[in-house]
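Dropping the structures in below, format is structure tokens.
Next come two complexes built around chain A: one with chain B, the other with chain C.
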Partner chain A sequence: MRKYLAIVRGTYMIGMIYRLGFLFTIAGNVIYLGVAYYLWKSIFKNSETLRGLTFDQTFLYVGLGSAIFILLKTYTDWFMNSEIRDGSIAMYLVKPVDIGTYFLATSFGSLLMNITIVSIPTILLLLFVFKVKFIIGIGLLLFPISLLIAFFISFFLDYFVGLVCFYSESVWGLSTTKDIIVTLLSGGLIPLQFFPTALQNILHWLPFQAIYHTPLTMITQPDQSVDVFLQMIFIQLVWAVLLFMATRLFYIQAIKTVRVAGG
Partner chain B sequence: MRSLREYIRLYFMIEAQYIKGRMQYRSDFIISSVGMFFSSLATLGIFWVIFDTVPNLAGWSLMEMVFIYAFYMIAISPMQILFDHAWQLRYHVQQGTFLKYYFRPLNMMFYYMSEIFDLKGLTQLVTGIALLIYASIQLHIDWSLWRISLLFIALFSAALVQISIIVAASCAAFWVVNSYPVLGLAWKLREFSPYPMSIFDGAFRFTFTYVIPIGFVAFYPSQLFLRPQDVSSLVYFSPMIGVGLFAITYWIWTKGVNSYTGTGS
Partner chain C sequence: MDLDDIEHSFYNRQSLLFLFYFLGKIMSLIHIENLSKHFSILNRREGLGGAFRDLFSGDYRTVKAVDGISFDIDAGEIVGYIGPNGAGKSTTIKMMTGILKPSGGTIEVNGITPYANRIRQAQIMGVVFGQRTQLWWDLPVIESFKILKEIYKVDQKTFDEHMGLFNDLVDLKKLYTQQVRTLSLGQRMLCDITASFLHNPQVVFLDEPTIGLDISVKAKMRSVIKELNQVRNTTIILTTHDLGDVEALCQRIIIIDKGSVLYDGDIKKVNSLFGAYRTLKLQIDGYNDSTLQTLQDAFTQKFGPEHGIAIAATEEFWTDVTIDQARTPLADVLNFIMTTFTVSDVRIVEISMENVVRKVYDGALK
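This part shows the complex of A and B:
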């Protein structure tokens, strides 16, 4: 455990070096927030509520969604691909670390770094520039737990695609397709409430909604009963465990195919 | 100085070799094309979901949005297909491999960009053309010879605007080495160009029209075909905007190339 904590800390520190980059990431997010603000303002032009959400709730969902998006995007599949390609993946095999846990630790390090540098400024912006009103409710307390499980689900999906790189050298297409499917079908871009009902019913049976929709619902509609939220967290946990087992089984298979020449 | 004809001939020769090389990785081509297909339709997916709730967006119907979106897909394709090497500029600058481009008797931007011909971008181009035909049939746009030539001019200019923004962003590598954050921002802005500029006001509309003119990649030029009666005179300047922006970008590139001294690695 201690060695992985050192990795978490290391990633956090490395990330802090590139501060100039964050200015652009924050600028990008501010522009995105502005575009989302005007877009939803014009959608809500003639109505107080749409699909059970007010403008404030929708904008909070979308705005916070963009902040969470930066947190939960681990890029593990992209890193693994480049390390499999140049052979440096072999270095992990000779070290006394577990590859999956190693990447989990680095992803967690960048999660912490992104909370400090991108998410907190975004939340402050939402509060003080866009003056979004939060509704007070039990959901707000459960939000951090839900976000943490969402991180695990997102990581396992990325790691799974990363493992596919052992078999295919074409990660661009795979990862891009995965990213689009995850962000669109998880509520990362549009609240799931706005999807056609038939599609919503299907989406609730997929793991993607557990990444963005669940934590965002806890923030935007926190005044529901505890049972509703506990059930949501339970579903998240089920997905996290299922995906964890899937990556373990896949890893045992995939690692057998590794052939590193030189490196 | 070589003539334009010679450059075109050279370009075809370089790309023919490049494509032959890429053909070794057929499955990569197929998977990447699928990825390109999905990623290029993402914003259209947002519009589709929005129009399930509201009948129009700032007065624009779903089919009009499809037209604007198709225009956007075609307009960004030349950037994707011909200028994709811009993304690697930061590696070449960092590793010092950029030095080799100084030693050929060719225009450096030409030589650098010709090294990659992004095959997967063709998927986007073809999807865009198909959507544009579909939307213009649905919208009963009648294509006279004049309008078709106008379409080509408008697309050419819009493509130049997009190319200029991305190449200029990648040039940041000459000064700060890691241009990824700048490029990432420019890339993100690209996604906003099919939104109706009329939903924005104040600083945002000003920025998207005059500062980083992404409005000219899709929304403004497509008005020429969707609602020719209420086009502002600004739109007729768009061909000049494309050429002008590219000239500025080329100037930035030349500045960068001349000031680059390597990173010592």
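This part shows the complex of A and C:
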């Protein structure tokens, strides 16, 4: 465990060293929030609520969605792609570390980094510049837990794509497609309530909504009963476990191929 | 405890010691027997159309990267594992480090099979691949050492001791706060080598540790490796293209080519191959087709038929004269050439790895 904590710490420090880059991320986020604000303002021009959401709820959903997007963007798949392509992955294979846990640790380090440098400013912006009002409810308490599970789900998806690199030398296209699918179908861009009902029903059975929609619902509609939230967290957990097992199996198969076919 | 017990435990210890001694004799640290690694490689066709057809191609050929090698390496040895490019060196190293699974044969390092126990194996070995780094590129040097300390579960006291030793050897302290990516190649390699010894491994694999380094850094590197081997009794497997490394460090060398062991034994015997041989590169004025023959005749006339000088034209206008110094001293040959021919340029080079391998093929060690 301690060895992985050391890796988390190392990754966090790398983020600190390249802090300048985060200034641009924050600036970009401010612009995005501004655009989203006026876009949704005009959509809500003639009505108090749409699809059961008020403007405040929707903007909070979208604004926090962008914060979570930056938060969960830990580039595991890109990172693995370059490591596998230039063969540096061998340097991890000769260390007494589990490869999956190693990448989880680096991803978690980046997550902590993102929380410090990007997410906190975004929340402050939402509160004091855009004057978003939070609704108090039980959901707020469960939000951190839900977000943590969302991180795991997002990581496993990234890691899965990363493992594909063992077979295909470049996953640039796959990575980009995954990013778009995840952001769109998870509610990262548009609240899922605004999707057609038929599509919503399908999305309900996919893991993507567990990344953005679930934690965001806890923030934007926190005044529901505990049972509803617990059920949502349970579904998240199921996805996390399923994806964990899938990546494990895939890893065992991928590493076998590498060892037989050569790196 | 009565006398009987004491006597009893004494005998026990004696027999245990004997057992260990005996096991040490028969069990070497690294045991490789009939090891092979075959890759199937897709036969790729030319051009864009070929690339398309390759997508559905099942046309594989087998490449025998390592083909039935066997050797044993004892604890504390420094073994030079050499051979020309593509001989199978790296593939063997990758099997010894547990990255690759052999296609056949057995391999054991300290009694464990590397590929089946990758993590356990990793704990007892250190690896340096000259072309890569195990340090964290973006972080200051000391942070990489701290991370490795945790990864290998090295306790603080041992860690401080080791860092002290490294500091004495390579003056590491002044690099501590520097980012790894800003280090020079030589500094980075020194850090990489010291890092690979951090957890006091039983065996360290050094794959081309001196590649791209200048003479003075090479010398430093060699003395560090030698020192660490002596202080810690660490077994070292060194692959290199630089015969100087082998000469300076190894008592034993294993030469492989095309996946098979060509020579395994004392370096002294091989030393005569590259130690005694020197190649003179000459640029002779008025070079023409008959120059080689003229030289050959002149040497025979001057030094007798057993002169041990081989002549070959390698590049345009350059003539290689390889001299076996055991038979004819280099100085004599050089003198003779300078007085007999008009030479516009001379270079003296040590014999190359490819030439050593060629000589072994030609039966020089038989």
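Side notes on the structure shown:
Just so we're on the same page, the second predicted complex is superposed on the first by the 258 of 263 C-alpha atoms of A that agree within 3 Å, B and C clash if a C-alpha of one lies under 4 Å from a C-alpha of the other, contacts with A are read in each partner's own complex, and residues count from 1 in each chain.
As a convention for this text, a contact is a pair of C-beta atoms (placed from the backbone, for glycine too) under 8 Å apart; a residue touches a chain by one contact, two chains touch by 3 or more.
Quick caveat: nothing in here was measured; it's all calculated off a predicted structure.
With both structures placed on the common chain, the touch criterion links A:L141 to neither chain B nor chain C. Of the two partners chain B and chain C, more residues of chain A are touched by B. In the superposition on chain A, A:F24 contacts chain B only, with no contact to chain C. In the superposition on chain A, A:L249 makes contact with neither chain B nor chain C. Legend: residue contacts after superposition of the two complexes on their common chain; A:L230 is shown touching neither chain B nor chain C.
Comparing which residues of chain A touch chain B with which touch chain C, the overlap comprises 18.
Residues of chain B that touch chain A in their complex: 25, 27-28, 30-36, 38-39, 42, 45-46, 49-50, 52-54, 57-58, 120, 176, 178, 180-182, 184-185, 188-189, 192, 195, 199-201, 204. On the chain C side of its complex with chain A, the touching residues are 37, 39-40, 65, 91, 94, 97-101, 115, 118-120, 122-123, 125, 127, 129, 132-134, 136, 138-139, 143-144, 146-147, 149-153, 179.
Listing the residues of chain A that touch chain B in their complex gives 18, 20-25, 27-28, 31-32, 34-35, 38-39, 41-43, 50-51, 168-170, 172-177, 179-181, 183-184, 189-190, 194-196. Chain A meets chain C in the complex at residues 2-3, 5-7, 9-10, 13-14, 17-18, 87-88, 90-91, 93-98, 256, 258-263.
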